[in-house]
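Two complexes follow with chain A in common, the first pairing it with chain B and the second with chain C.
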Partner chain A sequence: MPESAAPRWHARFMLGLLLAPALLWLGALIVAPHLDLAVLSLRERVGPRQYAASLAQYRTFFADPLYWHVFVRTAWMSVVATLLTLLLAFPIAWVIAKLARGRAGSLLFIVCLIPFWVSETVRTLGWMILLRESGVLPGLLVRLGITDMPVELLYHDATILVGLVYTSLLFMVVPLISSLESLDNSLIEAAYDLGAGGFTILRSIVIPHAAPGITAGCIVVFMLTLGNYLTPTLLGGKNSEWFTEQIYNQFIVRFNWEQGAAFGFLLLGLSTAMVMAGLRLTGQRFGDVMRRT
Partner chain B sequence: MIPSLPRPLWLRASTACYVGAFLVFLFLPLIVVTVFAFNDAPYPAPPWRGFTLDWFTGNASKERVGLFQDAQLLGSIGTSCLVAAWVTLLSVLIGTANAFLLERGRFPGKQALSVLMLAPLVIPGVILGISILAFASRIAEFADDAFGWDLDFLRPGLPLVVLGQFSYVATIATLTISARLRRFDGTLEEAALNLGATRAAVFRTILLPYLRPALVGSSAISFLMSFADFNTTLMLVGADSPLTVMMYGRMREGATPTLNAVSLFLMVASGLLALTLIRRAPRRPSVAA
Partner chain C sequence: MRQICAILALALFTAGAAQAAQKLRILTWADYVPADVIAAFEKETGITVEVTLSNNEEIISKLRATGGAGYDLAQPSQDRITGPQREFGIYKPIDLTQVNLQQFQPALLDIVKRNATLDGKLYALPYLWGTDGLVANVKRAKVADYGDLCRADLKGKTSIRLRRPTLMAFAFAAGKDPFSLYGDPKAYAALMEQVGATLSACKGNVKFFYDNKDQLLNGIRSGEIVAAMMWDTGGWSLNRENPDVQFIIPRSGALGWLDTFALPARGRNDAAAYAWINFTMRPAMAARITKSVGSFSAANGTWPLLDPRLKAQFTAAFPDSALKAIHWYPAIPPGLEEIEGRVLDRVKAAN
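Then we have the complex of A and B:
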């Protein structure tokens, strides 16, 4: 190794020089702010510039059905969006990884990537133009005679789901493709020769093999969906009731930082719990999953 | 299922239909945004009223402020570029240092550190934003109370936006650059050292050119991620809004087609960036069949 050639102090100095920026980055921007946020969430304002340690912020969350409702709803919608994304992305990943030959596969892959180079704001603007009452799709429905009057397609739960699935597709397609590509075709051929039907092959060969990719995709999509702010607020309007919106309201609108910090930790806890559960379910390590995506 | 097995006609047909429908779903929003940037109507909505370039070039005398006359929007594009340039610079520098640390360094706690480096990707952007906002404000308050210092850069504004975006973009740069450094053939470095090259010369003439594709790639990704970031930025933004926050504000109010014009500009810019990257590195290794 080259390191052994250099004097010890030199190696130590280099190590310190490389370690310093990493520690500064993680310490000052990740660890310390989150510890501070934890402290903030565990105190209560008892007078002007006077605070006492308390669990009041968390108590408010559990006592107020509104906050609960929004929290559970956000989690539940995120689960649904993740499953829909998986269902929609799996066939296309299969086509790219297994069916398309030669250049067609990589071309299709690149074509699928293009929309995700554009910012989420632009994509959401597109959906708003398509779905609003005076928009493209309601007009089309009237022209086709399906509805008499233009209907408002924005501000429904289904609209939020469409937007979330659309935004998440890429993060599902990429890990699925890489896990499907490593599946040996001869296994599928062998199963077919032994008389297995399409469904059996899918259930007992393809899905077990692709499980790491499926988990990785689901974890990432769930996390991004749960933490999304733009898509639910723009496509759902007042009906979005998304938990990140509550955090924003407490922090920026009402300036109630203690409550906002507690909400932030609850969201972080939910997100982490789901990631852990996903990893445990398939016996994977965190680092491997992140590197896969 | 796979090409070597017989596939009935209905399966082939439905696969083709699925791919077609998928592509329509993927591109419909972008096509609509593009088309209505040229519609001669005050709102981005049907019917089609003829072609116009007003939403790009129009000025106040036409009662339509086009993109090139909209000082607010142009200013926010400038703000976004400035922020993205700083985020890119910081992320790629730290990413390179981290790559050497993780691939070459040997020290206790390395495993834990490498896991901690992944954490910013699992923390929702909104929470990264509020934690940095709260922490910075409390430091600023403390400095004000204790020493009477006015640390303005710790108040919501562009320096905090840069730090907030950097906090997670650095992870992505680290992953990209370490992945390339891991595949480096160490014998090249040993040969150069045996032939009498100094470590600095080895770094400059062998390692840096080898890492170049990863450095270019991670710069582009960092720039784009910063430009597109919304969640973290929204929490930390002060008086100067970057483009995403500005667009969000206008979209809530009911926007004019000027926003479609900006969007088209963004699509063309990021498309060009993507094309140059794809041409440099023709295929992703993982897609190779």
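Then we have the complex of A and C:
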């Protein structure tokens, strides 16, 4: 008995040891701060250095249409950005996974990857140089005679979408490639042989097969977009407020950590709800999606 | 073996302590601590200086997050000291016996004493000051007061900052004195609502709400912005590049800001902080700082040492009457910033 118990104990100890960094990370840097924030969001300042438990922070959110609007706007624009990214990434992933042969495929993939060698800040500033009124693109439009005066291309909602799609493209392309690569080409050939058109094949063979990849890509892109701070603040103008900016403002500018924490939890709730709704809508399970990609 | 370990540990510990004693960590604004002044200070005292760049709100938030640890010296504005101190206890009182008070201009020292004293203890000393007013390209825009930024002929060519100084400026421009209402939150809220409505209506006129100084400077340099609410020396430095760009004192008066030295509650090296304060307030050093930053030092005796061009710009902009008309920010009572925050949020969300 002792001979067999020792190795089992040993194996369990080793497993624990191997998991320890991940568990420590999860516990100390993710779970603990969230609990702290949860407590913070449920209290209210009643006097200097005096706080009382209350739901006032959440009440403020629901009572003031201002915060509501920004919240809904952020969610809506994130959905649009995710769909645009999918539309753009799908043909790219298809070409890389199915059409390009040998080195061409990896070359194309590297082309997608290269923009990510510089930081998001630099990329976003690059967009600003291109799009600002005295920038490259408006100047080009004038020189080509398309506009009489330089137009301001920066500070619009569309500009934010461009920046967001650009930033998240890679995170959609990668899961799409891996799910498309596993699609057997003979299935498509057989479908053609049986007289199916391109659209039918896409709808009843390619998309069902790639569904987990599509869902995984959409989840990642949606979360990245919803939680993005830099791109909407730099590219967006005076009218385009992103919910993360609200959270920053509450924490840093207003010193109102309680309100900021409540906003943070509302955003967390929103992204969870949206992801769940997306999974339900496409009839998939979260575990499946994550395993297959 | 154990002895060796103990000796090693002791050696490491003392080395660490010695190094900590030789370091001064400053939390301050961009450009406030010029590299050549740091070099001179290090040469004279052997203390190395570590600078972290920030702004008023971030200074307070960073110190709040650590309970006042992580830095040995901070430079918030004089009106933002007693409020956060009362709320978060992030500073410690200044030990006046460690400071050479003769080096400070009495008038500026008085302003700080009035606004940064809590329960009989002084929490700050003045460092640099300047004013907010208007900057315009006079060939392309004629402006005399903040309200002119909202004039139809300047549509899409002006810029303001969506922060509290703008609320104050537009309140003064509307003929009201927001500072006199600091003690009356209800009336203050009503005034802020009114200013917020003005700003919301003006929003279409504004090209962007600037968030950092380079964004505004580039906007004016490129000609995208022809008039903006801006600080004086920013206007004067643009003026040196392009004489058409000028700093203009608004009819309703300039807003005077005064940034300070304050000691974070859990700073580790007060002695170095006091040495730094005394060092940077020497007239020669203060003049060097003014030359490099562009803003005026609170030190005595710098005037004869200043760049003649800056002196000329200053005297042209501020005749005695204008200097007297500067509105200095009083300490902000608690609760007001929440009112202002709501109003600013609403302006940002308005269409």
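Simple rule for what comes next: the second predicted complex is superposed on the first by the 252 of 293 C-alpha atoms of A that agree within 3 Å, B and C clash if a C-alpha of one lies under 4 Å from a C-alpha of the other, contacts with A are read in each partner's own complex, and residues count from 1 in each chain.
The rule we apply is simple: a residue touches a chain if its C-beta (ideal position, glycine included) is under 8 Å from a C-beta of that chain, and two chains touch if they have at least 3 such contacts.
All values reported here derive from a predicted model rather than from experimental measurement.
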| item | value |
| --- | --- |
| Chain A: partner with more touched residues, chain B or chain C | B |
| Chain B versus chain C as contact partner of A:Lys238, first or second or both or neither | second |
| Partner chain(s) touched by A:Ser134 [first = chain B, second = chain C, both, neither] | both |
| Which of chain B and chain C A:Ile252 touches, first, second, both or neither | both |
| Partner chain(s) touched by A:Val70 [first = chain B, second = chain C, both, neither] | second |
| Touching partner for A:Pro48 - first (chain B), second (chain C), both, neither | second |
| Which of chain B and chain C A:Tyr155 touches, first, second, both or neither | second |
| Chain B versus chain C as contact partner of A:Thr282, first or second or both or neither | neither |
| Chain A residues contacted in one complex by chain B, in the other by chain C | 132, 134, 251-252 |
| Residue numbers on chain A that touch chain B, as the complex places them | 1-3, 5-6, 15, 18-19, 21-22, 25-26, 29-34, 36-37, 40, 88, 91-92, 95-96, 98-99, 101-102, 105-106, 108-115, 117-130, 132, 134-136, 139, 166, 169, 177-178, 181, 185, 188-189, 192, 198, 201, 223, 226-230, 234, 244, 247-248, 251-252, 257, 260-261, 264, 267-268, 271-272, 275, 286-287, 290-291 |
| Of all residues in chain B, those that touch chain A in their complex | 1-5, 15, 18-19, 22-23, 25-33, 36, 43-47, 93-94, 97-98, 100-101, 104-105, 107, 113-128, 130-136, 138, 163-164, 166-167, 170, 175, 179, 186, 189-190, 193, 199, 224, 227-228, 230-231, 234-235, 243-244, 247-248, 251-252, 255, 259-260, 263, 266-267, 270-271, 273-274, 278, 283-284, 286-289 |
| Touching residues (chain side chain A, partner chain C) in the complex | 48-49, 64, 66-67, 69-70, 132-134, 152, 155, 233, 237-239, 241, 246, 249, 251-256 |
| Of all residues in chain C, those that touch chain A in their complex | 57-58, 60-61, 64, 84, 86-89, 156, 163, 203, 206-209, 211, 222-224, 334, 337-338, 341-342, 345-346, 348-349, 351 |
